[in-house]
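The structures come next, written out as structure tokens.
Two complexes come next, and they have one chain in common, chain A, joined by chain B in the first and chain C in the second.
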Partner chain A sequence: MDWLAGAWAIFRKDLRIELRSRYAANTLLLFALGALLLIAFAIGPQPVSARVRAALLWIVLLFAASIGLGRSFVAEYEGKTALLLRLHTRASMVFAGKLLFNLGLVGLLTVVATGVFLLLLGSSVGSPGLFVGTLALGAVGLTGVTTLLSALVARASGGGPLLPVLLLPLLVPLLVSGVGATRKALIGQRWMAAQDELLTLVGFAGATLSAAVLLFDYVWDE
Partner chain B sequence: MKWKTILGLAAMFGFGAVLFVNFGSQVGGYMNFEQAARTGASAHVVGNWADGRPTHYSRAQNVFTFYMRDESGAVHKVRYNNPKPANFEEAEQLVVQGRTQDGVFVADNILVKCPSKYNETKGLQQQASRSSNPQPSASARQ
Partner chain C sequence: MSSSAHTALPVRRRLYRGVRGLVVVTLTGVVVAGFLGTIPQLDILEQSARNLYFHVPMWFSLMAATVVSAYHSARYLRSGARVRDLRAREAARIALIFGGLGIVTGMVWARFTWYEGTGVWWNFDPKQSMAAVLLLIYGGYFVLRDAIDAPKDRGRIAAVYNLFAVVTMPFLLYILPRQMPSLHPGGEGSPAFSQTDLAPAMRWVFYPSVLAFLGLAWLLYTQRVRLAWLREAVRAPDGAPEPEPAPHR
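This part shows the complex of A and B:
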């Protein structure tokens, strides 16, 4: 109960800071909207194959996340509040709170970016259930890796640009299976057809989250 | 603390196994014709020329068709929009890369694995390879 309350307090603290400054949400959404708008202009009125559409959507999501999610740990070090958190809470609480906060941000990003994407490229979704399931699983995996790596990178001086460099190679399995499953959802195949991709996404989310839980103590405590 | 480590490692390896088993089947590896038809995407199929069946090359359309037996033993028609690859009859293994369209496997590329020239003279080959580059036994031909 104590642990949950601590994690929840950290989540609420981050949410309150975010609602005042809107730094991360602005970065994420402006990047995603800008990129999608440029993609729509660049493609023009010709129809694009489902694979290309799925790939474009996922690339926008991954880059937006790698740019916008690094902030919350950097802010703790810049504001000199990291030491305070270390004194008063355990590492796992900090991780759970930040993870929840980042999950909220990625959720917001995914919903907005996907909505705009469907609107701008005028594409219909063949099987909405599979589409939503794929994006949800992908968002969980993306959040797990990004949270751990952003904690790691925040310790390095001038580590901001380091996050995409470290993150993108790790995201290759997520990208490949996310694009595969999204393509199948766009052309209207059933859940069973995307079984391999969905299981890969589940495995990716589970493996990265459990690795993050194990490793975060070493990243956070000196 | 100990608990968490054991549980975490178990979860990591469990999910990691799920990830690799399912990811492997998506990105690479060879398939048979049935799996290739099911994915609908570009696939590599490994097998042999079904040499009882006729091959055909149409010079006018530049299309080479033959029948190939994959590893599961199923025989499938393959179309290749190029002339017949060299050493096709001598090949001990074929790898076709392409996708299934209207029940025919349309290959973009055929890899022909030929028997090595040096199988009988292994000792000589080792001596020769010290002084010069060894001949590759498998070669890709368009």
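This part shows the complex of A and C:
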């Protein structure tokens, strides 16, 4: 099968299954909404600093992703469809398709969570362009790391709670530079001021995605 | 080291004994000279500068163990030989031990220099925090190993996690700490050590100390590998695990 067609077919398969049950998207969004509401209640009406706001937003995003994105590979093993995929497609197609699907989920999560976050904590964004750019770069890095690790965890018997344990330490560089750039965006600094953080985000996304593509073969093939 | 997979034990005994003798002598010398030798008196640092002989070699040993672990993980993915998995696992264990010791010695040092008079032990210095994250990653490595039952899967999945984690380590250890304000030497683009930082008298203790601690890490590592290898041999029905097959890729 043509590589692009294969990857696209995997993506469409996942999307169709997701649209039937909407399990992953609903879990992800409800988790994020619940966490944001808890934060809003816990903080109360006093305004908090931009640093704390940026940190809270990123923590919610990271935890929601680590809880909501683990399903896609587990479902292949539980439904005994992994072998079928292995017969018909190459490992890199599966990875690309799942990555694309997860990117869609993380994108949805980021948009909804950020919207609710801005609504609840009533904060204005000083430089919207930088804010969106930071979130987009962070979402790419987050998706790459989470997709590979969820494939790893699907092979473990423990399953569920293992993913956050493995994922969160690896995402520390993303969290630190994401929070830094988001804080600068919230207080209205320019792109140039956040250049270190943005470059780190780009580097992190690039390095982890390349490594994930190389390593996924060993996870997927028996 | 690479030819050792074909012998009965994955460790050469004569080399081990030689290194052991050297490490015992050198480490004794380092401890004596480290506590009794004369050092330059500097403000703030004062006698705590002696910690240099112990704190810094811990980090060198951690780095060496990290590299060894990643190397054997990569070799395991290529060849699938059990001994590679054992080596990667034991090197990760050594990295955890020396990382823990490095954090403890660093905390004590920071408490009595940077945070003197405040009573603070831990104040989120970037290097400290990132080192703690590194230990969390290796902790996750062992949790992942325990969660997988089939030895072949366990070795492969753990090797993938190990290599993937190694990709993020430069961010943790080199990129982020240089972007944040830190009291630790090695910030703002300068190396942690330059030629002029260290008094000549201290070099005579520091360099042997680095070698001795690296040797100690190697001794612990090889003994752990030997033990793990013997355990496998006892468990396996037909004696020793199979030697390394030819790489299939």
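The rule we apply is simple: the second predicted complex is superposed on the first by the 221 of 222 C-alpha atoms of A that agree within 3 Å, B and C clash if a C-alpha of one lies under 4 Å from a C-alpha of the other, contacts with A are read in each partner's own complex, and residues count from 1 in each chain.
Basically, contacts are C-beta pairs under 8 Å (C-beta built on N, C-alpha and C of every residue); 3 or more make two chains touch, one makes a residue touch a chain.
Remember, it's a predicted structure, so these values are computed and weren't measured experimentally.
When both complexes are overlaid on chain A, chain B and chain C end up clashing with each other.
After overlaying the two complexes on the shared chain, residue contacts for A:P169 are found with chain C alone; chain B is out of touch.
Contacts of A:R155 after superposition on the shared chain: chain C is touched, whereas chain B is not. When the two structures are aligned on the shared chain, A:A211 is found in touch with chain B and with chain C.
Judged by the touch definition given at the top, the superposed model places A:V219 against chain C, while chain B stays out of reach.
When the shared chain is aligned, chain B and chain C each come close enough to touch A:S177. Once the two structures are superposed, chain B and chain C can be ranked by residues of chain A touched, with C on top. By the document's definition of touching, neither partner reaches A:E18: not chain B, not chain C. After overlaying the two complexes on the shared chain, residue contacts for A:G203 are found with chain B and with chain C alike.
Clashing C-alpha atoms between chain C and chain B turn up only in stretch 111-119, chosen from 111-119, 129-137, 201-209 or 219-227, once the structures are aligned on chain A.
Under the contact criterion defined above, the residues of chain A that touch both chain B in one complex and chain C in the other are 173, 176-177, 180, 196-197, 200, 203-204, 207, 211. Residues of chain A touching chain B in their complex: 173, 176-177, 180, 195-197, 199-200, 202-207, 210-211, 213-214. Against chain A, the residues of chain C that register as touching in their complex are 77, 130, 133, 136-137, 140, 143-144, 147-149, 153, 156-157, 159-161, 163-165, 167-168, 170-172, 175-176, 179-180. Those residues of chain A lying in contact with chain C across their complex are 145, 148-149, 152-153, 155-158, 162, 165-166, 168-170, 172-173, 176-177, 180, 196-197, 200, 203-204, 207-208, 211-212, 215, 218-219. For chain B in complex with chain A, the residues that touch the partner chain are 4-5, 8-9, 11-12, 14-23, 25-27.
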